[in-house]
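Next come two complexes, and both contain subunit A; in the first it sits with subunit B, in the second with subunit C.
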Partner chain A sequence: MTPFLSGFMITLLFVGGVYFVAVLERCSMTGNVSWSGPARSFLLLFAQEEIKTRKHDKVFFETAPILFIGVILLTISILPFSRGSVVIDLGTGALFINAALVYIMVALLMAGWAVNGVYAMVGGWRALAQLIAYSMPVVMALTATVMRAESMFLTDIVESQQSLWNILYQPVGFILFYISALAIAFLPPFDLPVAEGELAGGVWADLTGARKLLFRLGRLALVLTLSVAVVVLYLGGWMGPWLPGFVWTFLKTLLVAASFFAVGHFIPRIRHDHLLEYNWKYGVPLALYNIFQVGVVLLL
Partner chain B sequence: MAPLTQYLLLLGMGITTAGLVWMLYLIKQSLGQTLDEPGKDIPAESGNLAPKPAWLRYHVHYYGYALLFLAFDMEMAYMYPWAVVYREVGILALLDMGVFLMILFLGLIYTWTQLGLKRQ
Partner chain C sequence: MISVQLILLIIFGLAAIWFGWRVFMTSSMVRSALSLLASMVAIGILFLVMEAEFLGVLQIMMMGTEMSIMAIFMMMYMMDPGGLGQMDMYHQKNISIAAGVIVTVFIVGAALAADWGTIATQFPGPHEQNRLLGMEILKRSMMIFETAGVTILTGMIASITVALSIKNSVEK
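Coming up: the complex of A and B.
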């Protein structure tokens, strides 16, 4: 495939993916499928008045949304959609995913600080707590996939799943990564920084107009990014019979994204001290066990 | 693709994103001014008009986890290169990292016994 066609396909998949994720998100909240819903939400936020709170932090107020959407776009650009068609095939791909997604916490903390409101600030501190909780399991789960592939290239990680997908090879790692992905994207069971019920919107409580639009759009892209990451790392990426690689990646991604929203629909929000406690008491030992198990199986 | 080109692409993507966002801000600005009404710029606080700033000293009750996180995060820096060469080096790599991880894991257990793994 020529680079031009490949780039076109990636852009199309990305934009289409974000649109489908938006439809899925609405569906998980309202219960009915609305194809025009995302467009209406977009226009609403685009036309909304820009309210700047009094005594806000000027630098953080302007840069937090840029940082948020920027790191997400950088992350999705290194994920392979199909064999030989990846925008940027970094030699440190698996590490880059983790390193870039840490900045989501930074952006949330900046946005929470910037508006100088109490609810937003508490949401920002909670975002930091959430990072401390999920970071270790996600890094260790990534390491186990790197061990099997003997390479940090994401394309190599997909190729290493030729005989058996990682979801069956390291099921513990998959479960940890899946749950951590929900926490990274602050989706409903772990939506502590933007909790609607307790913090009236938390970090997003005082954002309107363009900044809210960027955060909403960024979160949709983030869900798409993490779905693609789950597919690439654990579900065999573009592999599948009959259909071309692009189609398989897209179908698997939508399935994973739908499952993300379904989990959030049925599980109540977890308390933030419980999140920290469970992750360090059970998540980290399980992640270490996962590394040990993969290590022993690799040597056999 | 040469590695340098890839990092240039990454840089370009970052700059492009920032530029697009700036354009969005400019478009919104050009749409016109809004009315400046009293009380509009008060942050959401359930109807209270408390004049205090939100930038107070906050009790970060998860500091114990944060310290533990630092120790584990340093260890992860060693894990990535180790994971790449793991199959080549074989059983020796498993033992080396096993001892290292066991010491860290004992630290986690110790913190647990000292009731460090709960809300302070």
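Coming up: the complex of A and C.
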């Protein structure tokens, strides 16, 4: 397949994947599978009147949605979908994932502060509390995958899983990264920044129209991006028999995305202070153990 | 010689200075902290422009977390975090101006007087840079990095140990 055609197919599959994630999200909340639901919500937000709150912070109000979607697009651009199908193959790819995703929190913080409302602001600070909880385990889990590949190129990390996928090689790291990915995308059970039932939408409670649309679209793309990251780092990326590489990547990605929503559907919300406590008291020591275990296995 | 690299260096250098100036020109704590973050990100981009990829990405990653944590601490401890009372971000104006001028003159003087040597035309790629950085940390600079690393680890363990557990149940 020519690079142009595979690039086109990947873009198409990604857009389709975002729509599929939107259907999954609805299904996890309402229990019904509605194929036209996301399209209707899209049109609703697209045509909705833009309401600006009184004394809002103009700069943050305009910057936050663009920053949110911008960092997600940056993350997508460094992820390899198949051998050779990566927009920018960064020499520090594994670190860059984490660097870009930190700015999800910054965007939420800015959006929370900008609208000059209590619910949004509380949501924004909760996003920060969650980041302090998951940032150490996620970066340590990434370190262990880099140790095995002896390279920060994401393509090298996939190649290093030729004999055994990282999910089996370092299961502790996988669990930590998986849980952290849920928290990064503020999906249930870690959806406190936008808690619907309690903060009436939190960070995006006061956003309407195009700004909310950017946030909603960004979150769906974020879920898919994190699923691709899980696949690349732990599930052997594009590896698989018979089918082309990018088809395997997308099959695994959709499976991971579906599992994200399934987990969120059955587990009760975890409060941000509990998340801080669990992650620092158990998550960080486990992440250190994971690095130690991978180091020992590598030296044997 | 004017290249794209030089133009980008100038643009992001000026952006870093402008955002640094904005830190003191706003009365809101959060705006001030996020302006500082923008300034630091501009410096991170300067590293990227100079093809020091690891340092650039590391700078951008670390500062995102650090400045946001600073924002929440400023929110907690200041009496007017939203800047509604038009508070100033600077104190002792005359001494600050004098200190600023002296330091600027010193830095510009040092930059002009220093022998920068020849400009490198050949440099290792990002992967090789990462490897060389690792070698540097584990060979010549091991003592410094290990001291700093162990100190930070001790600090982390100590702060977890002293952290109070939050009880949910209402005890009477």
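What we mean here is this: the second predicted complex is superposed on the first by the 297 of 300 C-alpha atoms of A that agree within 3 Å, B and C clash if a C-alpha of one lies under 4 Å from a C-alpha of the other, contacts with A are read in each partner's own complex, and residues count from 1 in each chain.
Methods note: a contact is a pair of C-beta atoms (placed from the backbone, for glycine too) under 8 Å apart; a residue touches a chain by one contact, two chains touch by 3 or more.
Everything quoted here is computed from the prediction, not taken from an experiment.
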Subunit B and subunit C placed together on subunit A: clash or fit? clash
- request: Kindly classify A:Leu299 by the partners it touches after superposition: subunit B alone (first), subunit C alone (second), both, or neither?
  value: first
* Asked: In the superposed arrangement, does A:Leu95 touch subunit B (first), subunit C (second), both or neither?
  -> both
>> Once chain A of both complexes is superposed, is A:Glu196 in touch with subunit B (first), subunit C (second), both, or neither?
In response: neither
Max touched-residue count on subunit A (subunit B vs subunit C) belongs to chain B
Next on the checklist: In the overlaid three-chain picture, which partner chain does A:Ile132 touch, first (subunit B) or second (subunit C), both, or neither?
Outcome noted: both
**Request:** Check the residue A:Thr143 against both partner chains and state whether it touches subunit B (first), subunit C (second), both, or neither.
**Result:** first
| request: Look at A:Phe153 in the shared chain and tell me whether it touches subunit B only, subunit C only, both, or neither; answer first, second, both or neither. | output: second
For A:Met110, select first, second, both or neither according to whether it touches subunit B, subunit C, the two together, or no partner. second
In subunit A, both subunit B and subunit C touch residues 90-91, 95, 113, 125, 128, 132, 135, 151-152, 273, 277, 280-281, 284
Touching subunit C in the complex, subunit A uses residues 57, 59-60, 90-92, 95-96, 98-99, 102-103, 105-106, 109-110, 113, 125, 128, 131-132, 135, 151-153, 273-274, 277, 280-281, 284
The answer for subunit A against subunit B in the complex is residues 46-47, 49-55, 62, 65-66, 69-70, 73-74, 77, 87-91, 94-95, 113, 115-122, 125, 128-129, 132-133, 135-136, 139-140, 143-144, 146-147, 150-152, 200-201, 205-206, 209-210, 213-214, 273, 276-277, 280-281, 284-285, 288, 291-292, 295-296, 298-299
Within the complex, subunit A is touched by subunit C residues 28, 30-31, 34, 37, 53-54, 57-58, 60-61, 64-65, 68-69, 71-72, 75, 125-127, 129-130, 156, 160, 163, 165-166
Per the touch rule above, subunit B residues touching subunit A in the complex are 1, 3, 6, 9-10, 13-14, 17-18, 21, 24-25, 28, 31, 34, 40-46, 53-55, 58, 60-62, 65-66, 68-69, 72-73, 76, 79-80, 83-88, 90-91, 93-94, 97-98, 101, 105, 108, 112, 117-119
